[in-house]
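Same chain, two partners: subunit A is paired with subunit B first, then with subunit C.
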Partner chain A sequence: MRFLPVTLLAFILYIIITGSATPYDIITGAITAVVAGLLFGRYLVKNPQKALNPARWVAMVAYFIKYITVIELKAHLDVIKRIISGETNPGIIKVPITVKDEYAKFLVANSITNTPGTVTVYMDDEYAYVNWIDVKTRDPDEARREILEEFEKHAKRIFEG
Partner chain B sequence: MKKLITLSIILLAVLAGAYYLSSYLAPRAELNALGEFYLRNSYFGEHSAGSPEVVTAILWDYRGLDTYFETAVLFMAIISAVSIFRNIPSVSFHPRGFTNITKTGVKIVGLITFVAAATTAFHGHITPGGGFQGGSMLAVVPLLVIVGFSKKALEKAGLNKERALVIRTIGLLTIALAAFYPLLAGGRFMQNLSIYPKELYGMLVSGSLSLFNMAEFLAVGAGFTIIFLLLSNPEGGSEA
Partner chain C sequence: MILTVIGLILLAIGAVCDLLGAIGIHRFNTFYLRLHAATVGTVGGKFYPLLGVAFIAAEQGLWPVVGISVLAALLVLVTTPVGSHALAYAASKARIVEMELDEFRGEEDV
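And then the complex of A and B:
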């Protein structure tokens, strides 16, 4: 069962990368998807029911759209302002991370890195070490609210529970 | 100010160069006559390449650009390997290896790379790409696993040197059999059409071309994997 979500994902990816859906594409795509599912399934999926839950995929797409529009725009504008004015106060701070799931952590870490102004330098089980362009606070909880509370909220909805 | 002037000069030069070159880069309309041209000219014709071997003439003279970029793909793959491995001593001394961010990323990127490699190889006879290009991409997956996790993790997952060798041999054997089969069927060595079907159940397979691509895909992918496994062997070599 664990190979099924990966097989489906691989098939969709194959058709998107190919850019056409003739019978030849569908047959070779199906072969590729089954092989990919057998090879990667046990490493990528622990809980097939969770991975096949459409509500979680909808939440992920919704988060992606919100991320690349609202969140990215706000962060870009802030960094553009700082580039022009030169007002920076950079530093690496320790931020507690509350999500436990592997993919939830991955999503939070990459959301921080992809947002202009913050980069995840290192991450262990409890803390993320973030290079911040403007260190507003050194208090871990306050920094958490500023940097990753919103990311964690979405990551929990998509990957946890 | 000085920087700005230099930058605008470079920008103008690039634009002018691109404009000048664009007239030479227009797609050719008489592409179908090209095959005839190669056959007539490769040895005797006015535009001789000095070679009776038409394939070699095309490969290294008329379409030398193609071969050039195929070599570039191999070169790029090796350069990427070198650049990925540049920090390996510091990595192996790190007590916990990479963070989970890298490891999770390797798994997801590995799946996407695998799918992209497969579509490149399967469509080698329709779109740019082919067995060699797809195989090079395929070999990136074990390379990522070796760097992100370890060589041992790759071998524990079932991909060791011996298995890669088996896959590579299957690929090379398929190429040899597909090349020799036309001789048995009363044709020429490596003959393509009329021995192999152009279409299979209405799907374009271009005779033996797609078969060669798939075999080359396995051979190159597994071949590079062997090299990566060998290069990353920490116990290899003598003490001296």
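And then the complex of A and C:
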């Protein structure tokens, strides 16, 4: 069962890339997807029930849409303002993280780095070390609220529980 | 029609973000600040224009182009932070920038 999530994802990606749904494409796509799933499923998936839960996929798509519109727009405008005005107050601060799952941590770290203004320098089990373009506060809880609470909330909904 | 307009707007946003990112790289004087400017160039300057290309191609019915654009956009979004993170970690290890506030370095010294 562990190969099924990878197979489905590979098949959907194959159909998206080719951009056609002729029988030839569907057959080659299915064969490649099954091979890819059998090869990589055991490394990528620990719990097939969790990976196949549609609610998690819906949460992921909702988070993706919110991330590329609202969150990125706000961060871009802030950094563009700083590029023009030249006002910066950089520093590396320690922010506590609460997610435990590997994929969830990856999602949180990537979300932080992809938002202009914050870059993850290092991450261990309890803390993320974040380079922040404007250090508004040195209080860990307040920094957590400013930088990654939103990402963690969605990462938990998608990957944990 | 509406999809082409959205696509053109996204392409224009990408051009503006690329230009501002390039200006930022020259204006900022330390490594980490330049990294932030580069993020404006990668996410704003590559992810959104690729989505814009996908919208324009969808209007024309060129589905393979749509697929490859969307996939390239997603790949950019997943892989660029890995590079940024590696650069930031290496810079921190090599102690390139002297910063007043650096809690990561303080932790390392103990």
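One rule holds in what follows: the second predicted complex is superposed on the first by the 161 of 161 C-alpha atoms of A that agree within 3 Å, B and C clash if a C-alpha of one lies under 4 Å from a C-alpha of the other, contacts with A are read in each partner's own complex, and residues count from 1 in each chain.
Going forward, a residue touches a chain if its C-beta (ideal position, glycine included) is under 8 Å from a C-beta of that chain, and two chains touch if they have at least 3 such contacts.
Nothing here was measured: the structure is a model prediction, and the numbers come from that model.
Student: After the overlay on subunit A, what do you see for subunit B versus subunit C, clash or fit?
Tutor: fit
Student: Touching A:Ala36 in the superposition: subunit B (first), subunit C (second), both, neither?
Tutor: The first partner, subunit B, only.
Student: Regarding the shared-chain residue A:Asn131, is it in contact with subunit B (first), subunit C (second), both, or neither?
Tutor: second
Student: Kindly classify A:Pro5 by the partners it touches after superposition: subunit B alone (first), subunit C alone (second), both, or neither?
Tutor: A:Pro5: touches no partner chain.
Student: Pick one for A:His76: touches subunit B only (first), subunit C only (second), both, or neither.
Tutor: Second partner only.
Student: With both complexes superposed on chain A, which partner does A:Thr22 reach: first (subunit B), second (subunit C), both or neither?
Tutor: first
Student: Does subunit B (first) or subunit C (second) touch A:Leu13, or do both, or does neither?
Tutor: Both partners, subunit B and subunit C.
Student: Kindly classify A:Tyr122 by the partners it touches after superposition: subunit B alone (first), subunit C alone (second), both, or neither?
Tutor: Touch status of A:Tyr122: both partners.
Student: With both complexes overlaid on chain A, does A:Gly86 touch subunit B (first), subunit C (second), both or neither?
Tutor: Only subunit C is touched by A:Gly86; subunit B is not.
Student: Taking the superposition as given, tell me the minimum C-alpha spacing from subunit B to subunit C, whole angstrom.
Tutor: So the smallest C-alpha to C-alpha spacing between these two chains is 6 Å.
Student: On subunit A, what residues does subunit B touch that subunit C touches as well?
Tutor: 13, 17-18, 109-110, 120, 122
Student: Which residues, counting only subunit B, touch subunit A once they are in their complex?
Tutor: Checking each residue of subunit B against subunit A gives 99-101, 104-105, 107-108, 110-112, 114-116, 118-119, 122-123, 157, 201-205.
Student: Quick one: in the complex, what on subunit C touches subunit A?
Tutor: It comes out as residues 17, 20-21, 23-24, 27-28, 30, 32-33, 35-37, 39-40, 43-44, 47, 62-68, 70-71, 77-78, 80-82, 84-85, 88-89, 92, 99-105, 107.
Student: Can you check the complex and tell me which residues of subunit A touch subunit B?
Tutor: 6, 9-10, 13-14, 17-18, 22-24, 27-29, 32-33, 35-36, 39-40, 43-44, 102-103, 105-106, 109-110, 120, 122-124
Student: Quick check: in the complex, which residue numbers of subunit A touch subunit C?
Tutor: Listed in rising order, the residues of subunit A that touch subunit C are 13, 16-20, 68, 72, 76, 79-80, 83-84, 86, 88, 90-94, 109-110, 113-117, 119-122, 129, 131, 133, 135, 138.
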